[in-house]
Each structure stands twice: as structure tokens, then as C-alpha cells.
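There are two complexes below, and they share chain A, which is joined by chain B in the first and by chain C in the second.
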Partner chain A sequence: MNATAMAALRLLGGVILAGLVWEGVVVLFGIRPHLLPRLSEILAAIAFTPGAYWAGLQRTAAETLIGFAAGTAVGIVNGLVFFRAPLLRDMLLPVFVVSQTIPVIAFGALVVMWFGNTLMAKAVIAFYLTFFPVTVNTLLGLNSVDPRQAALLRSFGATPTQILFRLQLPMALPQIFVALRLGASLSLVGAIVGEWFGDNTGIGVLLLQAMYNESVVALWAAILCAALLGTGFYALVAWAERRIVFWGAEQ
Partner chain B sequence: MSGTSAARGVFGAVLILALWEVTARGFALPAYTLPAVTQILGAVWEHRAALQAAALVTGFEAITGYAIGALAGIGMATLLVLARPLRAGVLPLLLAINSVPVVAWSPLVLLWFGVGVSSKIVMVALAVGFTIFLSALAGFDRVDRRSVDLMRSFGAGRIGIFWRLRLPAALPLIAAGLRVATVRSLIVAIVTEMLGAYGGLGWIIYQSVTLIDFVQVWAAILVASTLSLAFFGAVGALERRFIFWR
Partner chain C sequence: MNRRHLLAATGAAAVSPFIRPAGAQTLTRATLRLKWLTQAQFAGFYVALQKGYYREAGIDLTINPGGPNLLTENLVASGADTFGLSGGTDSVFAARERNLPIVCAGVMHQQTPFVFVTRADGPIRTLADFRGKTITTWFTGANFVLLGMLAQAGLSRGDFTMQPQQVSVQPFVDRQVDVVTATRYNEFFTLMNRVGRDNLRSFVPDDHGITFPRDTVIVSEQTARDRPQMVTAFLRATIRGWREALRDGKAGVDAVMSVAPTLNRPHQEFMMEEAGKLMVAGGAARNGLFWIDRPVVQAAHDFFLRHEVIKTPLDLAAAYNSSFLEAIPLADRIA
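Let's turn to the complex of A and B:
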């Protein structure tokens, strides 16, 4: 607890220091506000209409989290199915791998057409950006389990379900979390881009409005919100990883 | 063994395409739900001139930005490894920039560099640069502390250790970063084009969405996917050629 408090304090100190450096550098070097406004100006802009930024943050966070959670669940189940059914895996995995190399975000336009300008549409975009890496990494992790360990458990009379939950799934967790960390950033990108196809609230909308108004201060305010959400979400996943994969001390 | 799984893969792909075609045609799905595969291919053929011009624009942006980003990423990682004192100051700044989801920079970069090609190149270079910088840095840091000490005890300098030890150790990770970055370069180019451009696949996609021309959206996505696959395949082939010990 004390160590966490210390780490939090150090983090806070780092953020305050970074803010001071930002402010100082802009004033000292006379950087034009067109490039980089003073931090205090940006914070003042947020403080002027906190409601819009708070609503945007909440909305985008909801889209990201729903999509990420669904993508994780479906991805893990899908990885399990592929693991158990090699025929299905051989037939579908190549298509999956190829589909990872295509610019899936372009499908965002289609998803928004199908679901309308709803929270759901953005969650679906975040979903499929998370879903692919989680599926592939779940399968990778499950395949990396030593078959002799599974054979040993089986010789002690363990059922396939027991082997799955006691051995294979835990062994696959480090790989799954690699995909989850990737998915955490991808799902946020998906949500933001999804909002560009039309919406009223959200960080993506704030970015777009600021761009159309050519307001650099508002743009930076939205960028700060995006950074806050991205970092917070990533930290949450990393924290969960340390908690759940407590044995993965190699990192 | 691998022959059968490859055959199954081809079979699966064909099956999906056939299922798609039959579903779209059989249920007479409207184009906004799901156009048939043949319909999309027809649209690609019909608009081939426009799509080819757009693919050239997007491809140019992606490859130019990719080259700049790759050089900058590897260069920056090398610099930070060779000049330790620099690292403490520069790395937190870079990580802070990277903590922003990359697409959130797009509107700002558009304001700074205009609607033309240069803003897309900057965005691609940014995304590719960070991807490769982070994997190169992880690769350079991956070497065993004891190997470094051993080389130093034989009188190797910082540059000697980098050249003989760190770079070979980092190459697989850099190669992986280079591969992932191919896909990212096209995604970022397309996404930035959607916000504002004079041409390119992302611009066509955005235009078609506003015109509610769904088949055209699919056609542009198909071309973008082919471009992305070709780029990915080319970088993968180069990697197999040059990192022969993997």
C-alpha cells in the first residue's frame, strides 16, 4: 500500500513537472500558439466548458470498454474453438491472419452505416479491432503448452475441462495479455475514428469540431483527453496483467 | 501435413467467398447491407481508373512516410542507446507523445501541414516511427548484461558493442516492427485522408459514405486491402532474404 502511494506520488510529481516544463518551454522560446499553446491556456479551455469534455470522455470510454470487453470474450472463446477444432482452424485462421493485414478501420464506414450513429456502432468497431489479435494470441498461447504436461494431468484422471482451466488457459494468459494490451490502444483508436463518421459527443467529435474551427487550443484539449483515456485504459490492462499473471515476472 | 492445412486454408477462403456471394444474391440483400462479391469486383473494374489513381496517391503517402518513419525510428533508438544521458530526457517526452492514440494527432497535423499529401506523410512517419522506435529500443536493450560486460572487458567501445552485439540481437525485433508497421502505414494514411484530402483511397471511402454509394466503399476497401497485403508481403520477403538466420 505504501509502495503504491509512493508510486502514485512520484507519478503525480512527474506529471506536474512535465506540465511546468511545457509551460516554461512555450513561454521561454516564444513558441507560436498555432504550434503549441501554453498548457494553462488548454486547461483553461477545458475548465471553460468542462461538461463537453467530460461527456466526450465518458462516451468514448463507454464505446471503447464495451467493444474491448466483447472483443476479449469472443476472441478467447474463438481461440478455444480453433484450438479444439483443427479443421475449423485450418480453414479460417489463414483468412483471419490475412484480414489482420488489411486496413480494417476502413470498415468503420460500413459499420456506422449498418448500425447508425449509435454508441453500438463504435463499440462494434472497437470490438473487431480487439477480437482479431485476441483470437490469434489465445490460439498461440494454447498451442505453446507442452503436450507432455497435458498428458501427465490426463494420466492422473483430469478431464479435458480440468486440463483446460488448470493448465492450458493459465499457460496461455501471458500471450493473451500481449493481445489485450494491443487491443487496449486499438479499441480506443477504433472508437475515435468511428465517431468521425458522424456523432454528437465523444473525443473524436471534439477533435473534428476543433479542426473545423481551426482552434488549436481546443484540439490540444481533445488530444489531452485522448491521452488521458488511452494511458488510463492501458494502465488498467497492465495492472490486471500484473494481478492475474502474477508469475510472469520475466517482463 | 502443411500441404493439407494450406489446402484447407484455400478451401476455407473459397467457402467464405461462396457463402458471401450466395447470401448476398440469394436473399437479394440491398447493397447497403452486403453487396455480392462479384458486384464489388465489378465496381472495382468499372472505377478502375479512379481507384488506380487513388491507390497511387495512398501508396505514395504510405511508402514515403514508411521510409521516413523507419529511418527516424531506428535512428532515434540508436541515438538513445549510444548516448545514455540523452535517454533520460528524451525518452519520457517520446513516450508522452506516444501515449496519445495516433489518430488523435491527425486533425492537428492536418491544420499544420494542410490538406495535401504532406500531412499524410507526416502522420504515417509518426505512426511508423514510433512502432519501429519502440521495437528497436526493446531489441537493443534485450542483450544480456553479462555479454556487454564481457565485451567491455575485452576493450570494446560503445560503438563496437552496439555493432557486434546490440544490433544483431535487435534485428528480429526490428524486422517484426517493420512488418507490423506496413499495415499501420496504410491504415494511418487512409484514416488521415478521411479527414481531408485531395485524393486517395481514404478520400474515396469518405466521399462514397457521404454519397451513400456502398459498393464503391467496398471496392475502395478491397483495393486498400490488396495494397496492404502486397506491402506486407514485400517487406516479409525482404526480411526472409536479409535475416537469413531466423
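Let's turn to the complex of A and C:
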């Protein structure tokens, strides 16, 4: 049996163990269901209306992915531009910082007025939370490249574009991936918060409905879905990092 | 050429949600912003939508649920939504005071939808017993209703502790507070389940002469001025949906739960029944659903003015417009 399969088995074992402990503790200590329901009750609630949870999962995943992808692309481009044009960096970076101090709740109310109750509105909030860390970390990564290495390549006759793609960008990748892992969870938060501004589908909608109806089982069901989505997305980014930054970054 | 085809196809695909099969008449696209998340409180709108009553009235309606961070008045005033089911007479007053160009075209709940709840076996038997007790309530209007009620019993602000009420009624269930605020159709259900119907005592604002109509249908002044027929058509279709939902509550709950299937059915059936009672109470009995009961609105206005929630008297004739309702025959409006 290879190492990956072993790791997967260990993970599965851990999840099952945690589930058993949850179930056992609630039954053993007689915890009241409105504080912490049994895991089996929560899973039964999901199984009762699987369509709603599945649709919510898909919708929230789509919003998260679109926001994350746009945030990553814009963040990396921003980083590159700021690296090449320090004047622009000095002019725009403070504006970006200001934009990030606006609480996402306040920003969300505006986004609803601009984009309505569309998937795009949620993606915009996810984007808003993602692009800034990617911008900063890209810039940081590019700045941390040893100028002597760039000088060496230049002395071999490399063009600026070649230096960028063969030296600077690869060297910045570990830093960029730190931001991407952060962005993976932030974009999910953005999508869920976005769904709190009135919608019919999504994990955030299920969370909100359960919360205000004081339906604790449904609340936990939505939390489990959010956790599943968040963990899955984070794992995906971490996997991409291992494949792309194969020379070994912090894991 | 290929690329052009592709572009055309993509364009058509992007636009297609907006192209509906042409009916007998052209449809006007419009949205309705609810005051809260999808639940049986709004069943009639969903019945009307699903049965095609809005389409028959020439409106291609989208229902947008509300949420904790949204103010329906803002969304309607800014044009983001065409129609709104907003907080109530209180939020309409507040919006008009801020010069938001919105008009109320109908009132859904004719009575105060919330009550103040204590334990039947507790020390509070009359309003005077509120002295020295801890009360949680919503600081969005309910607090002033309570102050008004307690003033009648001779109590003023310093005589009791009033705290903002959070999402959950659990502090009351755990006996951490003495009085909790509950809408008759929502929180009261949770209280019944956790404490038991017979263990609760309710203080009803309407029994103390304070009626506070809520759940108001609003449109922007521009819509009211330029498209009055559409407002009337919207109300007619809405009332049609509500008459069915009130007659067959189960079908009303079905319509809601087809949109929000994770809701708890017993809770929604209770809500349907209680919210229905609020809709047919008071002036609605004689004048039909969504009736704007002017003397009651005036009394609520004067009450808020007296408590300085609104600072200057408002032009209620401009803020509340019954003409859209009155264009519908009375027989079609009675529940």
C-alpha cells in the first residue's frame, strides 16, 4: 500500500473517531440538543433534504471559486505591476489598504445594490477578500528575489520577460501560495457573507435560516457543509502548491 | 466566422434568462424584496408567483429574500428592487423622515405582530409587576411600544432593565431574563416548544391601546407616479395568492418549502396560521387584505412623535397611498 493511500486511511480513521467521540459525548453526558445535537441527527437532517444541501454546496462553491480565481489573477497582476512601477505602488497600495479596512458587512450592502441577488455579487465579495493578500504577497515574493541572480541572468543576455518568468515569478511562488491558502478560506467567508444579503440558495442562506429559526440541527448541518467545502478547497490549493512548488515550500 | 458564431451563441446564452416565451401581453420585469428570509410569513407571494398570477397580471416577478443587514426601504428607494415588503409603519416613518422617496401602498399585518412574554408561574401578573425586572426586546421599535405600555402602568425608563434581544430566546428559557419579546408567528413557536404553551403569559400591545401595523408594501415615488397600473396589478396578484394561502394553509406552506426545503414544517404551519390572523384582523375584515387603516397609522405616527422616535410630523397622505388598492374591487380584496 502506498503512502498516499495510507495517509487517506489515517485521515478517514481520524474523521470516524471524531464522529464517534461527538456522538458518544452527547449521549453520555446527556447534552441538551439545542446546545449540541448528536452527529447522527445532523446527518439525518442532511439526508432528509439532500437536494437543498447539495444545491447550496454547489452554489457556494461556484461563488467561492469565481471570486478566488479573479482575486488570484488580479492580485498577481497587481503584484507584478507594483514591482515594475514603484510609483504606481506608492500611489495605489494605500488605496487598497483603505479598501480592506471597510468591514465586509458594509461593503456587502453596497454590492447588493450594485449587482442585485446574483451569483456575481457573492463572487465580488469573495474577490474583495482575496485580491489584497495575493497582491501583497506577490510583491513581497518578487522583492525577495536576490538582485544578483537577476543581474547574472541579465549578463547572459536574458530579456526582462525571461528574467520574470524564469527567475522572479518562480522564486515568488512560495510566497504567493501562502496568500492563496489564506485566500481559499477568505473567499469562502466572502461567499457565505454575501449570501446573507438575501438569496434562496447557498450554504450561507441555510446557515442564516437555521440561525434565525433557532433550528440547531439545521445550523450544524450547514456548518458541516461549510467545513467540508472549506477543507476541500484548502486541500486543493495545498495539493496544487505541492505540485507546482515542487522544490519544497513550507507545507 | 466561427468566432462570431461562438460570440453570438454566448451572447444569446447570457441573455436567454431574460427572454421569456412571449405571452398574450408583454411582461414587465420587476422584483419584490422581502423584509426577511423565505418563510411562511410571505406564503401568499410565493403562491401567487408559483401559480403564475403575477405573469397573468403582466409582471415577470423575482422574489428576493431579505436578510439581517438589508433595509428594504433603501433598496426600493435606490431602484435596486421594484417592490418591497418592508419592516412596517415604523420603518416607513423613519424612511420618510430621512426623505427617502418611498410610498406605502398596502399594509399586511393589521395588528402589532409581537407580544411581550413572561412565565405564567412567575412574579409578573400585570404591567405594574415589570418594575425591577429584566426585559429583552428589539431596539427597532418594539422597545418604544413597551415603553408606551409601561408608561400607562406608571413605570418610566429607570424602573426596569431593558436590554437588546439577540437572535435566540434561550436566555428567557434559561430564566436569565424575566420578559422576552416574541412575534406571534415566529419566536412564540420556539418558546412554546421549549417552555410549553401553558407556562407562558403574553402582554399584547393592542390590548393596551397601542396598535403598530407592520409588514408594509412599498414602492418608490417614481414607480407610484409613472406606473400606478403596475402597482395595482401587483397588489391584485398578491391578494389573489394570499386569499388562496389563507384558505389552504398547507398549500401556502408547500409553496414556501419548495423554495426553502430545510425549514421546519410544524413551525411554518404555525407561522402561516398566526400571520394569517394578523392579516385579516382590524380594518382588513371590512376593507380587505393589505388595507391601510388611516386612523391606526395616524395613531402609531402620533405615538412615535410623542416618544420622539420621529422628530417632526410627517405628511401621512403622501407617505401612505391607498389609491392602488382602491382600484381593485372590494369583493376581490376580502380574504
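To be clear about the criterion, the second predicted complex is superposed on the first by the 240 of 251 C-alpha atoms of A that agree within 3 Å, B and C clash if a C-alpha of one lies under 4 Å from a C-alpha of the other, contacts with A are read in each partner's own complex, and residues count from 1 in each chain.
Here is the rule we use: contacts are C-beta pairs under 8 Å (C-beta built on N, C-alpha and C of every residue); 3 or more make two chains touch, one makes a residue touch a chain.
Bear in mind the structure is a predicted one, so any value in this text is a computation, not a measurement.
> Tell me which partner A:Gly157 touches in the superposition: chain B (first), chain C (second), both or neither.
neither
> Classify the contacts of A:Asn200 with the two partner chains as first (chain B alone), second (chain C alone), both, or neither.
After superposition on chain A, A:Asn200 lies in contact with chain C alone.
> Have a look at where A:Pro147 lands relative to chain B and chain C in the superposition and call it first, second, both or neither.
A:Pro147 contacts neither chain B nor chain C.
> Once the shared chain is lined up, is A:Asn213 touching chain B (first), chain C (second), both, or neither of them?
second
> Going by the touch definition up top, name the partner, chain B or chain C, that contacts more of chain A.
Ranking chain B and chain C by residues of chain A touched puts B first.
> Applying the document's definition of touch, where does A:Asn117 land relative to chain B and chain C: first, second, both, or neither?
second
> So in the superposed three-chain picture, is A:Gly30 touching just chain B, just chain C, both, or none of them (first/second/both/neither)?
neither
> In the superposed arrangement, which partner chain does A:Thr49 touch: chain B (first), chain C (second), both, or neither?
Only chain C; A:Thr49 stays clear of chain B.
> Identify the overlap between the chain B-contacting and the chain C-contacting residues of chain A.
34, 105, 109, 112-113, 196-197, 208, 210-211, 214
> Within the complex, which stretch of chain A touches chain C?
34, 45, 49, 51-53, 105, 108-109, 112-113, 116-117, 196-200, 205-206, 208-215, 218, 221
> Once bound in the complex, which stretches of chain C touch chain A?
Going by the criterion above, the answer is residues 31, 33-34, 36-39, 62, 64-70, 74-75, 78, 80, 167-170, 186, 190, 194, 259-264, 267.
> Quick check: in the complex, which residue numbers of chain A touch chain B?
14, 18, 34-35, 87, 90-95, 98, 100-107, 109-110, 112-114, 185, 188-189, 192-193, 196-197, 203, 207-208, 210-211, 214, 216, 219-220, 222-223, 226-227, 230-231, 234
> Please output the residues of chain B touching chain A within their complex, sorted ascending.
4-5, 8-13, 15-16, 32-33, 92, 96, 99-108, 110-112, 182-183, 186-187, 190-191, 194-195, 201-202, 205-206, 208-209, 212, 214, 217-218, 220-221, 224-225, 228-229, 232
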